[in-house]
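When the chains are written out, they are named A, B, C and D in that same order, and each has its own residue count from 1.
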Amino acid sequence: MSTTTGLAALATLLQVVAVVAAAPLLVGGMRQVRARLEGRAGGGIGQPWRDLRKLLRKQQITPAGTTVVFGFAPAVVAGTTLLIAAILPLIALGSPLDPAADLFGVVGLLFLGTVALTLAGLDTGTAFGGMGSSREITIAALVEPTIVLAVFALSIPGHSANLAAIVSATADHPGQLVSPGSLLAFVALAIVIIAETGRLPVDNPSTHLELTMIHEAMVLEYSGPKLALVEWASGMRLTVLLGLIANLFLPWGIAGADPSMLAILIGLVAISVKIALLAGVLATVEIFIAKLRYFRIPELLAGSFLLALLAVTASYFFATPTN
Amino acid sequence: MTTALPDSPTVPALDKALPAARRAHAQAVASGSVTAALGVLGVALGLSAVFGAPRHLRIGWLLPLVGVIFDLGPLGGFFVAATGAVSIAVGIYAVGYAQREHWARFPLVMLPLFVAAMLLVPAAGSVTTFLLAWELMAAASLVLVLSEHHRAQVRSAGAFYAVMTQLGFAAILLALVVLSAAGGGDAFATIAAGSGGISGGTRTAVLLLTLMGFGSKAGLLPLHAWLPRAHPEAPSPVSALMSAAMVNMGIYGLIRIDLQILGPGPHWWGLTLMVFGALSAVFGVLQASVATDLKRLLAYSTTENMGLVTLALGAATLLSSYGARQVAAMAMTAALLLILAHAAFKTLAFLGAGSVLAATGLRDLDKLGGLARRMPGTTVMFGIAALGASGLPLGAGFVGEWLLLQSLIHSPHENNTLLALTMPLSVGAVALTTGLGIAAMVKAFGVGFLARPRSAAAQAAREAPTSMMAGMALAAAACGVFAVAPAALGPLLKQVLAALPTVGGNEAGPALGAYLRLPGIPGSMSPGLIAVALVVAVLLALGLGRWGLRHRPAAAVVPLWACGADSLSSKMQYTATSFAEPLQRVFDNVLKPETDVEVTHFAESQYLVEKVTYRTLQADPLEQRLYTPVVRAVTTWAQWVRRAHPGSVHLYLAYGALGLLIVLVISR
Amino acid sequence: MSWIAKIGRVGRIVEPADDAPATTVAPPTGVGGSLQLRHVDAGSCNGCELEIAGAFCSVYDAERFGARIVASPRHADGLIATGVVTRNMHQPLLNTLKAVPEPRVVIAVGDCACNGGAFARGYGVVGSVADVIPVDVEIPGCPPTPAQIIAALRTVTGR
Amino acid sequence: MTQATYNGVLNLAAGAFLLAAVLIVWRRELRSIVALLAWQGIALAAIPLTEGIYQHDAALIVVGVVVLLLRAVALPLLLARAVGTEPGERRESTPLVNTTTSLLITAGLTILAYAVTRPIIALDPSPSTRAVPAAFAVILIAVFVMVSRRRALSQAVGFMMLDNGIAATAFLITAGVPLIVELGASLDVLFAVLVLGLLTGHMRRTFGGTDLDQLRELRG
């Protein structure tokens, strides 16, 4: 467990600010990669930022009959994501919130955001809102076992589910990364992150057809500033989850628990590069795949559950003494 | 003066209405306050037994030969205090509920009696006293379940409950008789002292019998069938007492008899508990996630939570049988925390469901909705309960589930195949339970309380009266404490754990301070800090959302987007059935729902559809597979036995005489 | 693998862009380069729909100028309406416009939407889009080409 | 080759070997199943190659190269040709057990394999025996694939997976079977595949498909 210093707190603050500022850029970048691979020119990396600024200047609309649940859900989703951004070791290890929430806590916060949005979808009382909520919560329910088992597999080498411990254990023994357990956990975690952030092949973020929507169907009633918050939050979720998986498996460049200014800068650059690379790969892969039929998704999630279970079993049984 | 019979539903004549109403009010206040007072007494006694010296009381004259013995130690005190706390909330709530629902005099009398019986069970210090209190509790609860006996479903549920609870009692009776015979005494203290000499076979028999008896009371698979029947049909305050307090008695029995007196047992004891716990948890939550009856959903959620508690108990037993006492203490702490959290949020949930039932007369989620605007207070209360039941951060159940997962992932698996195989599977089961639990609770809250009303009754709902709200507020406060400040429970759990040496109790358990720290493992969590940080983060997000405020046109309220049509009817909303349909399809193989789609065409053309009827019946597959054959066999057997009953008194007397002769010959 | 090679071979197929045309309507919120539109077919023959689809495809790529078609009018900054307004679509058109948050623009695409075109004064026709709701930008043509549509969109996005 | 690299590569090979088996259960496209079988062959060949390089044993390296050629190149090519000649039969028709259940059964089989091979590891805890459970799990999964698939080709894949599993177990436990035995076994498999190929061809010409369920109709 790390004692927090002033600079570590600064690094945490920087993490949050960077996630807030960079999330729209990340979404824009992924759209841009996609556009280029499709032979288009694309709107540019800054397009989501322009969209956000515009949405924030639009009229605030309350659909008749909705309650505070609908009104506050975007802030809760964004808030949980900001909190996760403050907990995760993205730039430096010594977040003051690290002892307050381990990886299980982070998963819980993630689901808290999902639940807030599903309740908002139900709260509108529209057919599409309920449909989106129902689909989203079904996927979330099936994702949970995989994600928890993957956390289990990751916690074995460091004997702790606290993030700083996991990341520093990996950084100290990079040899563990090529173990079957670690690889299986990576694949399982990648699948559930794709499912949780609503990317292909689970959900198509750019669909226009309501009947095929999952995440989008829940937010059909949001407009203006609230929509801006929802979109922003979904970008931030993607950013922090990519950052999480990047640092869990490739922790190089991350600043220590008691960092210097230079280490913080290196950490910032390192995590930005890692997230950008992962996002590029994700966007490229998405070009080649189509959305799965909804009732085939449980197969995908059962597969990732199996991989996570194998990851735990493999870590248990392969456990070769590291020296 | 003559009045109408108390349980007759007819409205008294106008001139008698006023005094009758006043008397009903007085009766309800009396019953509720006696219940609450008993609860306060229970909490006080329980806490004093946990922190002070164990209390011992012997009333020799009450029962011939053995007398009645009360012996309240830290473990019993814990359960007495929990039961008492539930009773306070329910007692206050019952004041308003009994008036609103026009309770008859009989249930009003039985309510405090039921609470008293439940308080006596963990206080019992001998086999006889325990059985007596147990039977009193069962009988009182049965009578309360039957308080709306004019409805056929209630009578059917009552019969089901009566049979199962008596069979459970028979199993416990047999187990305790065997135990006291082998342990050489009636008092638990005597048996515990002599438990070293009990043979392995006897231990196994007692464990299996108690697992049946107590497991059925706790709603564990496969003896859970009474729970989703009786809990929905009982009046809601009684449901709350049964679901939040009475099922705990099953767990208490398992801990007291099997772990405290008989333990430590062999490895397979813990394993058996874990298997039954995991199966109950997953099965219960699956049924809850497809249930459309609000109270049935909550009842299945009780099976789920008791399953998790049993899983934690089993993990503690298994781990301590392998010598991992620190991790076992973590699992045991998790079990105790889960019991407390479940008691708090399940009380609140059932009381909330009771308010809805009283306001609308509906339990069917498919017909509810839109209550958030009509019953804002109840909605907030139920929301707190649902958050607690879903095991998410800021919910009452989070800390317990977190601790359970931590104890499972930190088990010492090196060179131990059994642990290396059970723990990943258990983690998977707990995680699946949590995931589906979230879906079930989102359905209960989102479909039941948000959106727009799906029936006229829900449209006309009114907020519950003050006393009902006060009872719920008390339970909600407890939920809040468990969610953000579990440190308050630290000393209590420490004392209880110390009384359980067979499950690693004398080890240092997890430290419940501002930070929850695991013993000997670098792992920590702070629910309070998370809550504060989350509030800050949400405020920050709201601040982000205010950017560009001065450029915005004035805000407006507009009708819902109906894809261009003029308005959406409330029938176009998703219902609970449709909400759960994907899950029902995914788990089709386990749930085996009976669905039926019927398409009626117009007479003129086969291409035009006049109406489509969709019907789905979610029966309990276990009930059909397991119970129906048993019931059929018993019926056949009874038919056969009936031939010996021709109705002749002389023959019956001859039976008696024959029996006497046989006894004489045998005992010669 | 062959797909990646194909992507490499094909490269960019988007038409080169001209300079930005002069702005006719100021961007609704004052933020340029972002315009989300909800499409309403008020009674079109689907000719304009094909051309709009063409404007958003890989060759014309209207997205590079910040324009995007969205599924919900709540997410939109305006309507892009095609066809004459038929009696059945009259009320839905009004409803859709009402569902768009302020400030908003209305773009009428095609001769039918601008002045009724071939269907003007038909028995099932209410009138052109401008007869029913205020229109900010008109794109004439039967149907207008994707290039014309894009040129008109650029006058609103200002990119 | 250092001890750590040897450990890492061996574990990785065993992991990839098991992963390929799991993915074969998961996928239904016959082509990708055959491709996965080739990957499995590479992982299998990596085991004797690693052992050979680590122990400086030329015979093992030769075995590894032979295994690589046979199982990662020759057999998959033969199968791929068989797939190619079956127009319209590129996918496994719905298996007897649905995919989700198959995956869960696979999980159970793997855990079972880990449990039952515990004594073998306890006998001689070395890096290579620690990887035995993975090989044993592949044997169990292969049997399950053969039981649950309808197409003759996927059954052939299951059969070859079974042989892969047995070979891997042999390599890991005994640090290599004699060259001649391995060659004999591999040739057996080659013959089996050829015969299967002939049979499926014959079946297709006679019945117009290779769905094994149709064989039931042969019964009088």
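Just so it is clear, a residue touches a chain if its C-beta (ideal position, glycine included) is under 8 Å from a C-beta of that chain, and two chains touch if they have at least 3 such contacts.
The structure displayed is predicted, hence computed values, not measured ones.
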What are the chains that chain B and chain D both touch?
A
Comparing A-C against A-D, which pair counts more contacting C-beta pairs?
A-C
Nearest-to-centre chain - CA centroid comparison:
A
Would you mind pulling out the distance in Å between where the CA atoms of chain A average out and where those of chain B do?
35
Report the inter-centroid distance (CA atoms only) between chain B and chain C in whole Å.
58
Multi-chain contact sites of chain A, meaning residues that touch two or more partners:
53, 57-61, 220-221, 224, 298, 305, 309, 313, 316-317
Residue ranges of chain C touching at least 2 other chains are 29-30, 72, 74, 101-103
Hunt down the residues of chain D that sit against at least two other chains at once, touch-wise.
100, 111, 114
With chains as vertices and touches as edges, which is it: line, ring, star, complete or other?
other
Chains that touch, pairwise:
A-B, A-C, A-D, B-C, B-D
Note: in the complex, chain A contacts chain C through residues 35-44, 47, 50-51, 53-54, 57-61, 207-210, 213, 216, 220-224, 227, 287-288
List of chain C residues in touch with chain B within their complex
29-30, 40, 72-74, 91-93, 95-96, 98-99, 101-103
Within the complex, which stretch of chain B touches chain D?
415, 417, 420-421, 424-425, 586, 589
List the residues on chain D that touch chain A in their complex, please.
4, 7-8, 11-12, 14-16, 18-19, 22, 26, 99-100, 103-104, 106-107, 110-111, 114, 121, 127, 130-131, 133-134
In their complex, what parts of chain D are in touch with chain B?
100-101, 111, 114-115, 118, 122
